[in-house]
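Same chain, two partners: chain A is paired with chain B first, then with chain C.
After this line comes the complex of A and B, so read on.
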């Protein structure tokens, strides 16, 4: 920290004291900022650049003798890869359904709890529990405790309800549904808490004005609550979309992308390609594709947020 | 349609826990009347208005609108328009959308809404602001917008909760006059809450003076001013308020500054009384009771003199120039018809 020692050097009496203070403050701020900035660069920007660089190579740990620069070959291959398109589709379905479910359920819960006179604090505490759990733990709990055929809570309920026992994670048509439910279960409380906070901040008197204006409760909701909550809802959608697109741990522990590729989202495909099939170059191209895809969707959402 | 807007409140009690915000209010408001609820802060005016509007339910008592019991009816069912103290405009809607909202809720045909909105906005002179959001309006403009939203639907009752309290003095005066004209032209019953006695005096046909959840007096402003029926009303109405001196009665009069002053009412001698004299009724008379001028508050065309009469403070209005100097000695007298007498134990007028 040679920079820091210069701070103690007296600069002499001729300089303007205010200027001197400002310069000193700026140098001090830079010194404080530097470690974090360097760490950030080293851990985010550099790996990202390295990822892009790798994606332009053939890098196959199974066949190291073939390694070398291949330009955009990986991307060309990707566009013709049915498994890529399938993973993209799964990602879209997963993201779309989990985000919609979180917002709808979170909003419904928030409206319910906001109307309660007592016990709000309890709900807030209960709600935070799934959020603070690690997704991997959540995945394990669901896989063993909830979804095991015959013994899991969900399967037991399903049997009791007369719907029969199902192989929730082994059946390709149910597996995607199951991982969507697990993600929704874990993250709806987040939407709930954000929306509850926004609801509680809405002025009360306009609801009284609406009663005087003879608006039914449903019209109050559609014409007043929804428009006023719109910024919060859009914010929740953006944040949850970004997370859902890059979800990994829960699906990885529950199904590992299977059965087959039924729950293989893009993130998981990139992982499998890189570390199971050891095609690191192609895996990097998949990761870059996911990054671009996420950026585009986020950009669209932000544009929608600004529009009106 | 002539009897539209008759309001009867019968023995309304409102409790918040053990605290009684209203202790049994009886009011009857006639159709087309401009009725003011006047009283100091916390006296239960807003509570009364909210119960009348159906926003809160009374603990006991009955509310009748046009003779029909609506005590259990929600605000939506009462056909009432209200201007809130906070305006309560919908922040995400433009002025036009705000004003149109009650019409839309009443399922008015689309073609009729736009002209009605423009007409209501024109009545309160905000028709040039229809595209703005409430956040882009000044306090006075917001208040007009709230007013337009209330008058756009022809409700049978019009409630206003201190609608002018957020305006500056000039705007308040101007809007006050317009409000009165508007109510006259609409011919609608209006209930107006205010803690400003001047506002109530100028606007109201009749008024109810509140104090700690009770009504002290109901009557025409001029009558209440001329004959306040208790000490609290006397002290509250008039600016500056009435002088109140505790003293004793003599045969046919009262003792003020050690002198016998005749009064109109007949009194037995020697009982304790509170004498009320309005500052404007204090007469300056060289043959009267000597007083010392303590402070002179010059209002331009007149002055308020803070005097001491035999050690007790007395305020008087004085409009002869030049004004006396502070420390000077003068003399005052009281005409029998200007003297209000109150019982010091009950507070009632004698």
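After this line comes the complex of A and C, so read on.
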């Protein structure tokens, strides 16, 4: 006791030792946190704010004499830009179709493999392969090896099956379909792995009870499996949606947004505006628009996840 | 400190260069080579000794030849050179980003001639005329700047000022299968009509032979590269009455011709082809003729890959309805980054002068010790040098005569609109041409849409 008193006296006499320790600890924690916090601010928040700031400017490398603050002009122009709306449409079609396909196919595969007695491990290893490839590599492989008319594997199969040769990436109506297939091919294994793991963790006793009640397999699936898997499915949907909305590399390498603008997603349009046409200001506005859409859609999905 | 004495920094720099470019080690023996041809120039090559410059190039055999020779430049000048290879699809963006940052990351880079207007508008690169006129930096009697192919120099000149010295380049010509043409009694096309007739006569997709191929893939340097020549041959003008215009009857006629040839006589896949794909297909004997760069000859005459060696003929661009021939031309030139300190600018100029000199051009082409001897040399005198001509004519019938005629008579410096907005124009036109080609829009609709998009950009 005397020890504590003698220690306290020099600091002011009436300080509470516990509170003082707490304050010191908080300062220490703040000091420990600071580097990471500053690094995070510098690498994420600051560029984001800078992007927003740039989007309020006219910044055109081709016409540097026109540069300057323009307020919301870029956004006004964006709302009247048909190519923006078409790119947004392509982005939405691309996102929803790939996510739905991934979940449906991934779930089907997971159910199939979950019932397998042997070879599950092998199947899982094979399935993971596309996921670990870089999207740019996947794009190159599909573009040259699989989809080239008259020379590619897919076209050969199509010709052999009597469906004829098609310009899979050159025909505007087929190109979007092709890039959706490529993305689905690469990322379905992700959905498959997550859902397979969740399936394996489902409690067996509920199914046993259902069997005693003579529930049909379909009923079991709809009333037991799906509700139990719901959190996993929603999680897969959220993660895949965010990635699909910001997809870039595969489409860039496969079609570059073409033919024409048939596969030009919003991301690619912002890239072309900024780095090919060198209209950095307008390109930033497009990027901000994409950010807003991603946030809104993710917000909706999270809200759906909570609602029950 | 004299620059000849190897300091620790020099050793470190050399070490770094060696780590980065093993090719340099292999050719380090070149340092012993005879430098007297360079020393004949009445300038002090060592005036910027000790400087280090960084040169961005694309991965291509014609730059590899220069990289292999670079130790000679280092021995001559005491300037160390670091090369950075950037794929052609990214070099423009990387250069622009470096130039905007004003950090002087690349002292010089292989530049797209269509970008000089943009560079000049932003004052990112130096006018090279003062360097050419400065007697301490350039010996005109030795360097002979007028010997450099005028069409390429003009392409790198904006408002009368030269911004980049051409190092390597090309001109587009007709390439055809002489054996197939002879068998049917056909001649190389003199007009675009003849070209279509020839293609129609030989087109036989059932037997995997297509009549023609042109670049189909979208890009300012791909489909627009070929289309712009057609546009000019059909009487098009980018700035009628001083106002920018990409649509109109001449543009539609040119685009219709292009779409027609591609749809009727080219493989469907050609809609996504760039020149290497065309050259590969031609090498496999599946294409009867194409219009593209003369430099593609090195692919189709490579005996290891090509099945048509010895069966190839060359001819100039067919004439358009206006009776004009307008060839597409290209060169990789070297500008000087305006953000460099003065001494490094001089070092960069010495490098450029060395690379563009007759001696270096000869050493990297017909005198080159490696297997890939470059054909895109920048000197008129070399194109008339018997040794070089002999090597080049092994490419096929009429190669040198065609190239020289095309370079001297068939070029129009404004065949593409040389304005700072070119990157946007090129991309927008590329999209429009491809939309028309794949049937996403009619030629008129595609060109009108491009005009609608480009007008506000040109107004500023």
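General remarks:
Going forward, the second predicted complex is superposed on the first by the 274 of 308 C-alpha atoms of A that agree within 3 Å, B and C clash if a C-alpha of one lies under 4 Å from a C-alpha of the other, contacts with A are read in each partner's own complex, and residues count from 1 in each chain.
Going forward, a contact is a pair of C-beta atoms (placed from the backbone, for glycine too) under 8 Å apart; a residue touches a chain by one contact, two chains touch by 3 or more.
Quick caveat: nothing in here was measured; it's all calculated off a predicted structure.
The superposed arrangement places chain B and chain C next to each other on chain A without a clash. Put chain B and chain C next to each other and count what each touches on chain A; the higher total goes to C.
In the superposed pair of complexes, A:150 makes contact with chain C only, with no contact to chain B. Once the two complexes are overlaid on the shared chain, A:205 sits against chain B while remaining clear of chain C. Touch criterion met: A:228 reaches chain B, while chain C stays clear of it. By the touch criterion defined above, A:213 reaches chain B but does not reach chain C. Of the two partner chains, neither chain B nor chain C is touched by A:57. Judged by the touch definition given at the top, the superposed model places A:259 against chain C, while chain B stays out of reach. Taking every C-alpha of chain B against every C-alpha of chain C after the fit on chain A, the minimum distance is 51 Å.
In the superposition on chain A, none of the residues of chain A is touched both by chain B in one structure and by chain C in the other. Residue ranges on chain B touching chain A, taken from their complex, read 53-55, 74-76, 80-82, 84, 86, 88-92, 101-102, 105-106, 149, 153. Chain A contributes residues 203, 205-206, 208-216, 219, 223-224, 227-228 to its touches with chain B in the complex. Of all the residues in chain A, the ones that touch chain C in their complex are 61-66, 83, 148-151, 165, 167, 169-172, 256, 258-262, 272, 275-279.
Of all residues in chain C, those touching chain A in their complex are 93, 96, 100, 118, 121-122, 218, 267-269, 271-272, 419-424, 427-428, 431, 434-435, 437-441, 446, 453, 457, 460.
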